[in-house]
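Below you'll find the structures, each written out as structure tokens.
Two complexes, one shared chain (chain A), two partners (chain B, chain C).
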Partner chain A sequence: MLKRLRENKSSQGTLLITPTLIFMVGLLIIPLLLTLIISFGRRSADGNVIYTFGLHNYIRILGISTACEGGQSLCFDPLYANILRRSLALAFNSTVLVILLAYPLAYFIARAHPKRRNTFLFMVLVPLWTNFVIRVYAWMMLLRTQGVINSVLGWLAGLVGIPFAPFEMLYTPGAVLVGMVYEFLPFMILPIFTSLEKIDNSLYEAAADLGANPIRTFLRVTLPLSMPGVVAGTILVFIPVMGTFIVSDLLGGRQVILIGNLIQRQFLDARDPTFGSAASLILMAMTLIVTFFYTRKFGFGEEIVAA
Partner chain B sequence: MSEFAVELQDVVKRFPTPEGGEVLAVDHVTMQIKNGEFFSMLGSSGCGKTTSLRMVAGFEWPTSGEVYIEGIAQGHTPPFKRPVNTVFQSYALFQHMTVFQNVAFGLEMDGAGKDEIKKRVARALEMVQLTGMDRRYPRQLSGGQQQRVALARAIVKTPDVLLLDEPLGALDLKLRKEMQLELKALQQKLGITFVYVTHDQEEALTMSDRIAVMSQGKVLQMGSPVEIYERPNCKFVADFIGTSNFLEGTVKSLEKGMANVFIPAFNTEIKGIVSGEVSVGETVAVSVRPEKIRLADKAVLNQNCFEGTIDLVTYIGSDTHLYVGLNGMKLKVWEQNKISSLDPTAYYTVGQKVWLALFPENTLVMASE
Partner chain C sequence: MKNNLWKVLAVFVLASILLVACGGGAAGGDEGGEKVTASGFVCPEPETQIEVTSQELNLFVWTEYIPTEWKECFELVYGVSINHDEYSSNEEMYAKLSAGGSTYDLTLPTDYIIGLMIRQGMLEELDHSKLPMANYDPNYLDLSFDPGNVYTVPYMAGNDAIIYNSETVSDPPESFADLWNPEYAGRMVMLDDSRVIIGMALLTLGYDVNTTDPAQLEEAKNKLAELVPGVKLFDSDSPKTALIAGDVDLGVTWTGEAFTAQQENPAFQYIYPTEGAFLWQDNWVIPTGAPHPDAAYAWISYTSQGSLFWLMLRDFPYIVPNKAALDYAQANETELYDAYMNSPITNVPEEAIAAGHAIEDVGDATPLYDQIWTEIKGSE
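Here is the complex of A and B:
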């Protein structure tokens, strides 16, 4: 058998992809199928799954309700549709904000002296060494009504004698946005930095030589050549922001419910895995659709072959 | 219009080193490049030629001194405001743009109209023989074609001066030779000043009207290819351009542009033309090019004639290259094979005794530094 393996290229290939295949089938495809099956089921009184086939969970998410106040047989309940819309809007806003913050930073790092460049990159990466949840807690300390920011502002106001009422910052949509931007900033900086760093300095010189001032050089040369980094970063940021629940849970309190929170609560609090599964698949579908159209328009962030 | 397209006036450029020191890249360079001239800066890497070019383009600013373009002092004028265009060694093509967009870029920056851009790009592409390639991306082109795009992009704006930084360095030898002739033809057709940086002396000789030979940030000699080759003003230039035999000696007397030099190795005096400046008593280099030594079977001159033994014979087709041993020295002698013969003895043999005639008019006396 070993002899056959040594001689047969195609069975060598099969052998090589077997571990990945086992991994993908066992940990991705089978769980996905299970989720799909469960999402068609019903919750029993004690929180178990009754395996039936029905689209009731999907109908519920889309907001088509039979329990109507005005006596109609069907009406629209916007509860879950609002959550979906809010999640999409937040993911979109966070991604745009992250791009706006990350691009200048990445540009600065890419054009910095090579000696200092590594220090800057290191500083970008250091926060990732700390646990995600702990960093969110750190933001709670900063944003609380009695937190660091309000204390400092209050102290400054006291110095100049202005009356100061602490800002309510924690448990607001703004706090969630700040948390998301903070958490995912490095995932945008790094790919943009990589594509900026690859741009040969002579291209900037060529643009200037041909009469382009720095702004036009940026718009016509730098920006298009760094788009692969922006696209890659967008995919890396948008998808997790759509699904996280920790940031909105801790910084949004119970006020800001995203689809991630909905799924988490269905599984852990409401003990309705069938509805949770349906919500998970809706989330996946939404992410896939957005990513699909985005990558159709901008590509997958593959590198433009240099020189 | 000023007489000079480009003028460097006592230009110095120092670069800081990472260790906190300084490097003197260009050391008090003064040169005047005439309008319509094909001017080359020639030297090995680190001689300051590229830095000098970059100061004309505006990518670097002189530490002291001034760069003039068409008589106007450039000071700290940024590159995008200078009437020059550059062909980069790496071509520096915009990979995300088609050939057309690359060439059109400079015109767009000038705010030219769409129709004008189309017309001028088409003409520039025609001039570099790339018609029909306008929709391709640079990565779909060969090295030679990319080079032509870079050229078209630079000439489309009809700059006063075209700067070329080793533009042929990445091409293979055959293509390079073709492009040398093409560039020269293009320069004559356009009538604009070319400032060309190269480390390839043959390339510089082939194309240039005038050459500045540079070393260690200084211009050693400036002149036409004939002047540079036939009358190098110091040993470095004679050595860098072409091949030379060097003898060391001391100037005994000077007369009417000729010098008598005592050569200790031969224990006799040699007569030669003074090339550059030398003074009596100075230790000098006596240089004779290998193709200018005449071989004979007897002494054909009273002076400057020596008997030696052939050490090595190399037949290279058009010429025969010989090494002739002489008082413990070896002189290179190149003889053109003017007669077609299959007889090996027609091309000299190792161990054969020959007389070398170093005619005074072919023998140059120059500064040894």
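Here is the complex of A and C:
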């Protein structure tokens, strides 16, 4: 048996991927299939799943209704569509802001003296040593009406002698955006850095020799060559941001419901796992579609692996 | 450079090892026949000795709800080691238990979810002969969610009502309906609890908090749509934080939060609205198939005795349904007892209890409540 294994390359390969395969099938494929089956079911009065086959949960999310005011036969209730739209908009805005902040920083690190590069990268990674939620709480301390930022500003205003009314920062949409950008910044910096670092210095020299000014060099050489990093970073940021709700809950004061909240509520407060499963699948489908078109358009870098 | 990075890492690792080493101080133990905890609390002997053969006890309880001395004393007295898991909502606890495969011996559900747990066959019937039934105040026994206390014994009780900061709110509210006052817009914190907040709107309209009538719920939704834009923060974890920090001036919160907020700043006033507050009660239950029921009975019996339960007055300012604990505190911890009896937050006026409402499971209407909640929060 062992001898045969030693000689047979293909069964060696099979053996090597078996743990991964078991992991993927047991913890991804099977749960996903269960989610799909449950999403066609109905909720019992006590919140258990009644296994039937119906599309009612999907019809409810899409907001198509036959019980309309004014006698129409079919109408549209944008309740859940609005939640999806709001989640998409937040994810989009956060990702764009993260790119705008991460790119210059990654560029700076990549062009820094190799001796200092590791220190800078280390500094980017240090915040990740602290738990995600604790870092959000730290932001709450900063942004409160009587928090650190307002206290410092008030003290400075007092020194100069101008009247100061504290800014209302916590529990606003702006606070949510700040928190999102802060939490996901490292995941964009690292892949962009990786692709920038790979650019051969002789390419810059060639561009300069051929008469390109720094702006032209950046637009024609640096930017196109670093795009794989941006794409990889976007995937690493956009997908988790779509499902995240802890930042918007803590910094936004739970004033709005995002798709992540909606799904969580179905499994807890509403005790309706069938609708929750349908919503999860819709979220997954949407994320897949967005990522698919995005990578189709911009290509798919190996940076996502490097990160 | 690589070398330097390793040096930095090595320093961090050493530092964390040192921290861990310093953390492990001397624990309590047997000192001259007396069992004493690390904090110096002398563990009382059990009033009723229950035979325990189990080596372990698996608790599944609300966050911040058990005095640390209880666990140490129970371990010292019964020689049982305690595993302690926590949850922060009944729904979370229910989801975990109903997913099956749970090995918990005791959990602390609130009244409204108990009916559901009983119907699902998730609770064991209790043997009253092993429980100190005489210790409990009869007002908290034999309630509608579990007539005859077949499955539950009371732990702590409380309510959800209105809190305001008397320094900043010049015209304080007296009822839930008053919260619609435009003066309060942008200054309020509400529990992130669909049943309580929708229930509040139902009460102002004169309806039952457990209604399943879609027309009444629709009215409540429209009423809430006027209130929600003025709510700065929904928080069921720690609403007191925003109140104490001055981010908000008033809102709807519960007993323990109000008491703590008042200790921080006496300007906080807790009032029972004219429509009636939301009353609730947490209860010990033994989940079906609990692996160590003997230890579970010993735990309830031991911690329910006055000489231990009085610690709740010190640590967790809720309503104590345990007569023995209040008697013990009156005799031995006068200061705590007086603070408890003199505060309307813990010693609730009888008319407030009479006017109160209890949330019940609404069965098929649960998703409707959730959808209303989504609609209220979804409208911009």
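One rule holds in what follows: the second predicted complex is superposed on the first by the 291 of 307 C-alpha atoms of A that agree within 3 Å, B and C clash if a C-alpha of one lies under 4 Å from a C-alpha of the other, contacts with A are read in each partner's own complex, and residues count from 1 in each chain.
Here is the rule we use: contacts are C-beta pairs under 8 Å (C-beta built on N, C-alpha and C of every residue); 3 or more make two chains touch, one makes a residue touch a chain.
On a predicted model such as this, the values are computed, not experimentally measured, just so you know.
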Fit-or-clash call for chain B and chain C when the two complexes are aligned on chain A: fit
Message: Quick check on the superposed pair: does A:208 touch chain B, chain C, both, or neither? Answer first, second, both or neither.
response: first
Touched partner set for A:188, first chain B, second chain C, both or neither: neither
Message: After the superposition on A, what does A:115 contact: first (chain B), second (chain C), both or neither?
response: both
Task: Would you sort A:225 into first (chain B), second (chain C), both or neither based on which partner it touches?
output: first
- request: Tell me which partner A:200 touches in the superposition: chain B (first), chain C (second), both or neither.
  value: first
Message: With both complexes superposed on chain A, which partner does A:262 reach: first (chain B), second (chain C), both or neither?
response: second
Statement: Vertex chain A, Cα centroids of chain B and chain C as endpoints: angle rounded to a multiple of 10 degrees is 140
Statement: In this superposition, the partner of chain A with more touched residues, chain B or chain C, is C
- prompt: With both complexes placed on chain A, how many Å separate the closest C-alpha atoms of chain B and chain C?
  reply: 13
- prompt: Intersection of chain A residues contacting chain B with those contacting chain C?
  reply: 115
- request: Would you pull the chain B residues touching chain A in the complex into a rising list?
  value: 18, 57-59, 78-80, 84-86, 88, 90-96, 105-106, 109-110, 139, 153-154, 157
Residues on chain C engaged by chain A in the complex (per definition of touch): 1-2, 4-5, 8, 89, 91-92, 94-95, 116, 119-120, 192, 194, 228, 231-235, 245-247, 363-364, 366-367, 369-371, 373-375, 377-378, 380
In the complex, chain A residues that touch chain C: 43, 45-48, 79-80, 82-83, 114-115, 117-118, 122, 144-147, 170-171, 253-257, 262, 265-272, 275
Message: Looking at the complex, which residues from chain A come into contact with chain B?
response: 115, 200, 202-203, 205-213, 216, 220-221, 224-225, 304-307
